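Following are the structures in question.
Across the two complexes that follow, chain A remains constant while its partner is chain B and subsequently chain C.
Let's look at the complex of A and B:
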């Protein structure tokens, strides 16, 4: 069964219009929810780019999140650099770190790669919590970030949410996207047909690191406080994993649906803080049992449609 | 003066750890030639192809293709020079469509027109692939996947195509169709290095035959000069039940 794309396109335009004008009509509460959604969406799209399209299951996205958060904190608090410039530098720091760690990490495969990325983040957490320059584990209060209004933050988050989704969509339609998916399917076969596997994976890794670093900068400007064990904690990647797995790994729409579900559940379960993780885990297990490919993946399989299709016809 | 061969492998040794798989292998392939490499299991046939494709690093010897030493090159650079490998077991990209699989095959080429033309040529060789252009690779039958693997390999515009066990797991009718296309491919000037355990089938299309026995290559010569007994002795050392002579098969 093929579904018409027109209603989805119209719905998408209406949603984008509503999001763009949100500060004019929505309450502070809804703007905060939407901002959080956009920031998680951006992080999830990048984890999905790595795991869903490059076949690199990373458990160390928190490396880029921590570096992306600490860079604007240090640059604005210590050196007075404009906040947005600091956020950009955070993306660059994450990118440089990805470049430096790519060679050793890419020598690992599968679960070893996952553990390697996780341990890299743990090393950063320990290093930052013992580094006097960043005030050890006490963390840094990003005082200049108090000047930012919610509207400014909201639009910055919206750009990241929409921009990351558009970026993944565009990458998948390029030669790079095709080779990334080929490498994910069968790395050895990709080599035999002339794909430079290392370079393709490196590009995917660098893009994901840069965008994750940028997004993390916004997250910590919004939170105004950064601490090493939170910033480099694996909780970040667990949340992204939850979002992408229940939404649908290897689909562009999956992280969107997953991020909506995550934000809704977070609000609903916020009253039951002690058991909220347990409840989220139960939801994840239930979704995976009913829809093993995630909500979007299973719907696509059943109805044969893709709203944001990267297929070359 | 004899023209220099397109591919010239000399004194090639390959090790897997401490185990030596190839011993001083010397093989050459001329332009447009079909060379069959026959031998039993674990003789080193696939290892030789993987070494030529730069998927394995030789411990000694040289591999020269079209005047270029492939020794220090990466697999993608070897493909860009004009050497392609159809791996054993087909290995199509399951989550990509037939058309996308072919486009990945053309990854090393930049000219859009050449890619379009190659795709048309592949569709002419395998019309079923045109009909299935938007079907996922993992939804194809075994024969269609083999055709796709060969087509994908052709998309890089190779001067030398290496095929590893292309008849494995296919029905006789499909094997016949696949082999017909090999003749068509060699007529375009593309050299073919064919690895098969189906000796009679591969010898029937070859211009020259090598046998590999326990990591060593022996040139048996042209199929017309080979008796069934030559093949048996060189390759297996045991009697093939009901085998016909290679000359008979060719005629």
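Let's look at the complex of A and C:
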């Protein structure tokens, strides 16, 4: 069963319209919330692209987050490069780093790949905290970012959130997307039907690294302060894991639902900061018990519908 | 002299689609495939039988490239492909099915065939569409085209395995027990499909345990035991040799 397109299209237009005009009518609080949502959504879509569609369970997205954050920090503070230019360079840095690490990382599969990506990020954290150029563990205050208004940040974040979702949707409709799903389901069988597994995975990995790097640039311009053990910390990927898994891995809507839930829970639990992670964990376990495929995944299985379908007919 | 020699080899290559020369693969101290040589001509159906553990499927791994031999060479259309990757071999025209079907479980039947056409067949998704519809129709899978592969029955999975292989546009198909575990009527259907594929000019190497199917369907039969060829030739003759009767029926078989 496919849902009728019309109510969905109208709903989408209303939502996009509301999002686009938000600075005109919403309070700072709601704009901040929406910005955070968009940034997490973008990161989550990229983790989902890797884990849900390419079969690469990465625990090392923080490599690209850290690099994507440090690049604009260094370029704008030290060299006076325009902030947005710095963000773009951050995406490119992440992409180049992904390209360099792909060969050794792709030799590992499953759990080994996960650990490999994680350790790569840990190496970066140690390297950056011992590097005088980036002021060791003290971190960098991105002073030029003070001049950004919330409205500017908001629109940049909105473009990122919507853009990354649209990007995943479009990739899945290309031959590359189709091929990636085959690799995810059975690498060896994919090879016997002529799939160049390494190249397909590489494309997925590079796209995810680039967009993650860009998004991280925005995140750190917004936070204004970057520090190695935070930027290259595994907490990032743990949060993305939470978002994608409770939302529904391997679905485009999953990260959207997951990111909404994450943002809401974060606000609700913010009063109990010391136990908030514990509470989030409990929520994750509860969701996994009731809906093993995540909220969207389990609903799709139950009712057989997909809103953003990438299926071919 | 040199020129003449080359012409001669070229002629062999014209008729030989695939040949293996002294293939050997060891797992520890066991020789799974041991100095195995054979060849198959264009348009031929070659059947391979042999007891469990004779090295049939492992030999297929070596031919399709999913394993690399310790020794020996594989020639395809006269070209040495011993060191080519599985995906390259597929694109050159070697299709392979697995004994236990390995469809892409979370993709639909149509997508399974499409991904094969796009990669192995090097076609764009758009212009492969009609051909895949025809293909699935021939296999009786058209009504199931939007069903996830994980929801298929065993027979349907077996059919999809062959259909997906055909979607890559092979000139040689390595079929690993396509009718094993399938009931009588469906067995005939798959045998007919394979015959039909051969009639369209595809060379076939076919592993099967069901001897009756083999003797009827193939042009030539090769018996493998302990990683090498035991005997080869026309099916009726092969099946009546003493070694084969003993291997299959035990030493009393002649009586």
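Everything that follows uses one rule, which is that the second predicted complex is superposed on the first by the 309 of 313 C-alpha atoms of A that agree within 3 Å, B and C clash if a C-alpha of one lies under 4 Å from a C-alpha of the other, contacts with A are read in each partner's own complex, and residues count from 1 in each chain.
We take it that a residue touches a chain if its C-beta (ideal position, glycine included) is under 8 Å from a C-beta of that chain, and two chains touch if they have at least 3 such contacts.
Bear in mind the structure is a predicted one, so any value in this text is a computation, not a measurement.
Partners chain B and chain C, once the complexes are superposed on chain A, run into each other and clash.
In the superposition on chain A, A:261 contacts neither chain B nor chain C. Of the two partner chains, neither chain B nor chain C is touched by A:74. Shared interface residues of chain A, touching chain B in one complex and chain C in the other, are 175, 178-179, 181-182, 184-186, 188-197, 250, 311-313. Those residues of chain A that touch chain B in the complex are listed here as 175, 178-179, 181-182, 184-186, 188-197, 250, 311-313.
On the side of chain C, the complex with chain A involves touching residues 64-66, 85-87, 90-91, 95-96, 98, 102-108, 110-112, 114-116, 118-122, 124-125, 145-146, 164-165, 167-168. Interface of chain A with chain C (complex): residues 175, 178-179, 181-182, 184-186, 188-197, 250, 311-313. Residues of chain B that touch chain A in their complex: 53, 55, 74-76, 79-80, 84-87, 91-97, 99-100, 103-105, 107-108, 134, 137, 152-153, 155-156.
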